[in-house]
Structures are given as C-alpha cells and as structure tokens.
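Report on the structure given below.
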Amino acid sequence: MSTPLSGQLHSDHHVLEQRVYFEDTDFTGVVYHGRYLNFLERGRTDYVRLLGIHHHEIGDGLHGESLAFAVHRMELDFKKPARIDEIIHIRTNRGVLKGPRLIFNQIITRGEDVLLQAAVTVVLVNPQGRLRRFPQKMIDDMGVVQGKKN
Amino acid sequence: MSTPLSGQLHSDHHVLEQRVYFEDTDFTGVVYHGRYLNFLERGRTDYVRLLGIHHHEIGDGLHGESLAFAVHRMELDFKKPARIDEIIHIRTNRGVLKGPRLIFNQIITRGEDVLLQAAVTVVLVNPQGRLRRFPQKMIDDMGVVQGKKN
Amino acid sequence: MSTPLSGQLHSDHHVLEQRVYFEDTDFTGVVYHGRYLNFLERGRTDYVRLLGIHHHEIGDGLHGESLAFAVHRMELDFKKPARIDEIIHIRTNRGVLKGPRLIFNQIITRGEDVLLQAAVTVVLVNPQGRLRRFPQKMIDDMGVVQGKKN
Amino acid sequence: MSTPLSGQLHSDHHVLEQRVYFEDTDFTGVVYHGRYLNFLERGRTDYVRLLGIHHHEIGDGLHGESLAFAVHRMELDFKKPARIDEIIHIRTNRGVLKGPRLIFNQIITRGEDVLLQAAVTVVLVNPQGRLRRFPQKMIDDMGVVQGKKN
C-alpha cells in the first residue's frame, strides 16, 4: 500500500494515514490516550503545510512579529481504542474562523470505526504569548470558513 | 525543597508537584500541548492510588471481570505555557459521578498562574471495551460526589 | 511524493521514510535525542512485519510459551540533528545472530547526511523475562546472518 | 515518603527518584525501552542544575556564543524491565572529561535490582552545531574528573 507521506489534500479536508507503533501503546494493551494528540497534530500540521503555510514564514504583515500556532482549547471524545500495528486515518476538516480563533474538527478512524472525535481551537501568538489575529493572506491560503463571531 | 513523590492528599483534592524536562518541550520553546495530558494523568493516578485504588485490584463484584480505567472525554483550556525547568502543580479535585461516568476537574498552575484547566471524564471498561458501572466500594473509597445523572 | 506506509523491503535491508513533527522536537530547536529510539523502533518493527513475523504469532516451538522481543543493548552515535518538518530515512540492515542475541545495525539519514548510527541488540523473552533462543523458523523468515558466537 | 523534587546531591553522584506512569509503559506490559532515555535525561539535568549550571547561562567565555548540551553517544544495557506504578532511582555519577567530551555513567535501579546501565557522552555545541570545549568555569562547577584524552 502506498500513500503520500504528507497525506491526501481534498477540497475541504485532509486525510493522513498513520501506523500505531509500540511507543503509542500502554500497559493496558491499547493506545495511550495522550498519544492521540500527536496523531491529531500530525494531521493538522501536514494539512496546513500542504496549504502553503510554513512555520518559518508565519509573520504578521502589520508588525513584522514572528508568530506561532498555539493550541487554545480541545474537546476530545474517545470512542474506541486503537491497538499495536493498526493503520488509522486522521481526517482534518477545513478550519472555521471565529474572530482570532481557528477551529479544526478532526476525526480518527480505523476502517469503518470512529476512534476519536476532536474539536481543536488554535490561535496565533507572538513571542510574548499575546494573541494575534490571523493575517488575511493566511486565511485565504487556508481557505477557512468564517464562523459566527463570539 | 522536599515533596511527597505521590503528591499531597487533601480532603477533597490532590496536588502533585512536577518538573518540566527537555522531553516535555518542543521547538517553539514551550511545553508541547500533548504533554499536559501526561501531567494530568500522573495527577489522577497518584490521587486514585492514595485513595486506595490499585490497577491490579479493580474488579467488578458482580461478574468478576477484570476492569480498567479509560479516558472517555476531555475538555482542555490552555491558558499559558510552561517552560523548561519550571515547577508546576497539578491539582485534581474529588471526582463527580454521573451514572457510569466519573468526572475529574483538574488545573495545572505555576505559582499564581493558571496554565491549564481540564475536565476529564473516565469510565470503567471490561477487556472487550464495554462500559461497566463503578463498584460501590470504589465509589466509597474515592469519596466521589454524586452529580446529576444525565 | 508517495511511499509505502510500511517502508521498502530490500534483499538485505529495509528503509522507512518518516516525517519529523512537533512532538519530536525540544526547546533547543532540534529533535530530542530520545525520540530517535522511536524512529529506530518503527523501522525495525516494519521490517520484521514485512518479513512475516507478527507480535501475536511469536511462539517457541519447544515450549509453546508466549514470547516477546526486548531490547537488550544499544549503541548510539548521534552525528547531526534533525529539525521540524524534515523527512528522514531509517535504514535497518539484515539482522546478525550471535547465540540468543539478534543485532540490527541501523542508520538514520536526511538526504546525504547521516544523522545517527545505531547497533541494536534484541532478544526474545518469555513472560517471566527469561531469555529464549530464536526459533529456527523465525531465523529463516528473517533471513538473518549467523555472526560469530560470543 | 518525601523526596527532594530535584533529587539528592552527593559528593560524587546524584540520585533522582521517579515514578513509572501509564505514559512510560507499552502494550507488552513493561516500560517502553525508549522512555528510559527520559529518565536518564531527567537525572542528568537535575544533577547539572544542582551543580549550578543553567541552560540560559551556558556561554563560551572566548566567543560569547550561546551553547547547548547535546548527546553525542550512548551505550545502554537493559537488564530488567520496570512496570507501572514502580518507584525507580536514577543514579548519575560525576562526569569524566575526555577532551571536548563529558561522559556520565548512569544506572537505574528498583530497590536492589539494576534495571539499566548507561554511559552517556555529552558535548557542547554552538547554534551551528559545531563542537566547543567545556569552559573551565563549568568544569570547575561540575567537579568533573579528567579522564584519559583520546
């Protein structure tokens, strides 16, 4: 089976295929709950990179500050556990922008089974950790949907 | 500074002191968001152990099945980042029982600063992954509060 | 770029392509040294699986015991660091058998650069942690070379 | 049981007490081999900090460069596995200097049992990854032994 290393880019979502290795499991025999955050982050990272956003290029046009993504909030629903050697798929839906916050809905599946549902809010912060709005170019590149402000 | 390795047990909560090491940080210079789940799990584990619940003793009086804790849902609000070498405190409040679900409110602080707020729902599952109610003895040992059923 | 998820199997070695993600880096800006052990383990695991050895099938023909691989010794030479987003290749050479020990020479590269050289000795242990010799069928399946006994 | 969070500083070694948590184990039921590198790093870090060396203070008196520790080589002998909930001790012996390389012998024990023996070579590198000799003040602060040059 061959698969793009960075996953498959679709018009409104991205899918990354990954393997479960020893490092992901714990003594209960299934994947340790905290490891799913790594899988989710790999999915978001590859999606955003394929959309043309690079870590070293994130800059604020107004101030010239160096900015970084930061996870602001997560809601995680664990449905079923993954096990060693299994192949899982991380689907990341197109981001929804609500003011300075960008929300990615993500889902991890194994075949037909849904293993995890997640809503991940990311923000842009400057080196002092202060919130910055997403530059318009980045919004355009990522094709994000405007959600309701709140 | 001396501290109990398993943290301090209070009447309605538990506090675990931990250090941030290299392994916890990422290239942005702060703690990787996924690592906070390890800190939260260390806090819950030490709290539950000090309350007298042990991994190898969890059994269902009715069926004699071997049961295990599983994380069912998490809500995480990331407030401020921790950095290398810092000392953080993980506070775990007494669990609230809602039917088969046990909810722990947890907070990670660094001095006066709140770094993370979390609501973590755990359940008991049998080896086939099926939900089981918490045995009364475990409820009594953990001194959990009865929440509204839903 | 497309690549087999489980890497490429060659006559006397295996190559696995992997991406460096946030989780792999630390605050010094490069990959945390301990994470390379995950990359090495992913390479060995995929190699051994492609050779037809499965975790749930490892059994000792003589005693019917359930056996597991365990890492016995590692020698690691760190040459150059990898960084976020980079693509690295984990090459695992055909194992060399010395008595009950199986030695895999592994190398991690990024393009032309050698990042890490490793010699990893694995053994088979029973559930009580006692050393067992590799069954002949497993030796045959893995096509391992007989090294000098010592 | 109370223990200093940063471990105990002795005249020629340091001992750090740590707990094994879920995150450290894998599906085989014991601690994942790669996690021992975290325990070793925690021990070295706390030892070096107690000796007065801080990440943000490491500077080369001659060039004013910002320097960082990097792991250069590791030899690891895995003797026995640790399991969930166990308390382990990481002993780090006083460093031995050989030219630009500083070697720490480390041992992880559980009660009377030796779990892991390690020889860890660390070096100082500048931001371009080039090797720098340890400044004399750092050598003095760490009380390192002069080994045979090679």
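Each chain carries a letter (A, B, C and D) given by its place in the written order, and its residues are counted from 1.
One rule holds in what follows: a contact is a pair of C-beta atoms (placed from the backbone, for glycine too) under 8 Å apart; a residue touches a chain by one contact, two chains touch by 3 or more.
Every value quoted in this text rests on a predicted model; they were computed, and no experiment measured them.
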Subunit D and subunit A - chains in contact with each: B, C
Most remote chain, CA-based centroid, reference being subunit D: A
CA centroid of subunit C to CA centroid of subunit D, Å: 25
Centre-of-Cα separation between subunit D and subunit B, whole angstrom: 29
Residues of subunit A whose C-beta touches two or more other chains: 22-23, 28, 34, 38, 41, 84
For the subunit B and subunit C complex, residues of the former touching the latter: 22-23, 25-30, 32, 34, 83-84
Complex contact set, residues of subunit C against subunit A: 1-6, 17, 19, 21-23, 38, 41-42, 45-46, 49, 54-55, 84-85, 87
In the complex, subunit A residues that touch subunit B: 28, 33-35, 37-38, 41, 68, 70-78, 80-81, 129
